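Order of writing sets the chain letters: A, B, C and D. Residues in each chain are counted from 1.
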């Protein structure tokens, strides 16, 4: 079933659900899923609407312009997606394989509905895994001196492969502001329960601090390291028996699962980011 | 803010969200919360709709009859509630105090929006707790011989105190079919992760079986013991170090929290029960 | 059954378990529980040993001095406790009642094996609760000007009531270095998943940051605010639907449970603090 | 570091820890880890002891016979393992790949310390995965008519490959009593929170029942289906939004993690099974 998905935000006002659902109904659309949230404090209305395109009276290519009329009338910001347009992912990795394997196997199993045409890495070590699954692999080393050039090559590859989303699957480099302005759709997995232990070596620091629970956080990447909008988090118990090594091992399971959930939510267009620049957060329409 | 809440179910069909939200909007209602779910397998549309009564153009006492016109036209089953009509609870207990204390303290703290005019028990042991909080206490002993008579007295008390909901807070008696037909709104807490360990002594049996996790389940009471629609469940880890006594202790925390969540969800009219008699289950509109 | 409990730490070396368990066995002690941990990195051996005093050949009052001979020989640091010496708690509170009620009710139910002779508060609001349970209540207001004097009165009360442990059950004041040097046995409950959101208003900041999980942390109090050794932590999921108010409500359940677990672990002498001053952490012998 | 590991059980009695740890110390063994548990109800003492073989004065091949003298004297049942003797696994699968991939990748990453020389399946579908990782694959179809013969072939392969442990990684066949008597070391992953939903189609039945949490259970296989000693369990929340398909998807993550944890615990000799035949359970020495 091909569906259309609208992600909508606007200042809260009376009649929004009625007006928007009416528009779909008036054009013979069958709503599959409608979920909305009002952030009372921010005075914002946020909605995800999904409807079957089967008998919809507006041709697919005209939906956006038709909806714009309604959107203008009531002051909506919106994004439109079609479920049968399969997004294209680039996976960035360094040396650790667990998240790369996990994403590839989930894609293969149909859990993640996306194409993965390319893996990009600053090391060669994971090249064989990409090749095993017939995915193109590009090695772009990054040093402080070559970073600007390397990111230029990365961006060029994203264009060539027509990438919609970059997933940092344990990519141990910080993307520059320049990169993010050119390509802002980036999801990262951080191996701590943010905002605890941002930055480097979170498991070592968690061990040193003697915490009883560790976590992982998937978030959109912004210019402020580990400060981007959080999509998903999860945790697991640890004890004094855990070494840094066993925390890393337990953490790998968290990282895989949390990253996969976040990518899946994003690809199903269930994530809406909103809020002031210094405090952007997510609505997850599950 | 006084709100109206509608819980709706009907066979799924095109335009339901539009028609229902339009009805509210046409009468100048401001929707605070709208959540719906379609059970594809059952072909059922289920919805919770809450709107501010402030500027609503239909007087409160006429809302039900006005809505009935729309409901008839599109074949809806529905229940209407007003948020400022505070429900009245009767708590049934036996000898254990933890759930009783918990419900009373949450009510006192405003976490549970209800009146608790009466505690009914088959033992006298918890009478002082009821009295400490100025709640009426009725002791109705239940033996196989006196059960019919005792339940008759219980039902009479529910009428006198104008009770909306009975909460079995570790009430160690089985309510008869007769009782449940006369008063069907009853929530129970069962001290296992149903359908594991229904019936008596679940902690002993969990210990005997060597499970690594124990749970608690809050459900509506039906004639089939521990088979009613599940509202909420939660679990906690145990190990070989746990004795039956420590499982009981850990379980008490689960029981309190799971029962309180279920009562709260029910009182906020977030629970909709549906399905065939032999497999009724709940939608939780959170 | 009266038992003796030893908490032991020393540099790791061959034969420690043998030597220590032999000492107990040689004096006809029946070991009920023995648990040890080696922190490889720190080269430290840490142990909890509990044995039945019934047929033990050393009289209770001589155990410490007899054990000191062994301890000197092999370089042990140790603390000795007797399970039938019931510890005495002072609970410090401000305006929130949930942790106070929880500790009192658990003590009453036998879940926490302690006397609670006194509640001390900088407000009068919770006085009736203490009185309901026949616990002495002392109101000691704290302002920047009166803090020194107020803490002096608190310390004097701890002496009078022969207090072993102070539990800060949502006590919204910071204890001075002076207080902690005079009385170092203090457990606090912090309403976040430390080290995330130390200091004031953690729920507001968690909401602002858009986290998907919130937590609570029980720890020993040190001079560095919210930096003391962590005893126990737990978490609960939240979503964009949660307001600060609902996070506070959910957090209360966490705070109660986490604080109660920590107090219980401490009272059963299952917590051993060790490590360098800037990174002290706990072994939990469960 | 090569270590020796003893798993011990015997009727509880005074001096067991002293006698056993003394034996190790007397032969110059350095205890790395010692954990014991007393099941008070059963009157059983259960212990796991691990020591460094480096300076141990008894040659490896004589340890068993030397220890037997002590064991006889105090009535111990025991098993002895050496950490540098890497166990050999056979993985049994049917059509689902997720647990197979997971075990292979963990073994490759060093998380599971074992050899995996062979995958055996009643279908051919997963053969390419085995081959990708240079693991032998044997296709042995099982029908009611060929079961006896097929199991004979399986047992013959276990002998040829010198297998220590069979892991049923979503093997959708029931092993006969005959097989289990010939080869009793078998771990299975069941896709429910046992004892809830034993047998076939647990996700469908969980969905039908409307549970709010689903689980997975790893256990040793016995003649009574899904009744064997439980090694590990874990759970995840579901809601009315979950279909059977999404429960299956979420359940896969549970199955992978729970099975991997159980296999790892077994391989590190941290699992001791004990108890009466009708209620055998596990001690997990973590």
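Note that in this section a contact is a pair of C-beta atoms (placed from the backbone, for glycine too) under 8 Å apart; a residue touches a chain by one contact, two chains touch by 3 or more.
All values reported here derive from a predicted model rather than from experimental measurement.
Relative to subunit D, the most remote chain by averaged C-alpha coordinates is B.
Interface comparison, A-D versus A-C: the higher count of C-beta contacts falls to A-C. Here the C-alpha atoms of subunit B line up with those of subunit C after a rotation of 180°, rounded in steps of 5.
Separating the centre of subunit A from that of subunit D, both taken as means of CA atoms, is a distance of 37 Å.
Note: centroid distance subunit A to subunit C, computed from Cα atoms, is 41 Å. The set of subunit B residues that touch two or more partner chains comprises 241.
Across the interface of their complex, subunit B is touched by residues 97-98, 101, 105, 109, 111, 132, 241, 249, 253, 257, 286 of subunit C. By the touch criterion stated above, subunit C contacts subunit D in their complex at residues 14-19, 21-22, 24-26, 28-36, 38, 237.
The residues of subunit A lying in touch with subunit C in their complex are 37, 39-41, 193-197, 208-213, 215, 229-235, 239-241, 243, 275, 279-284.
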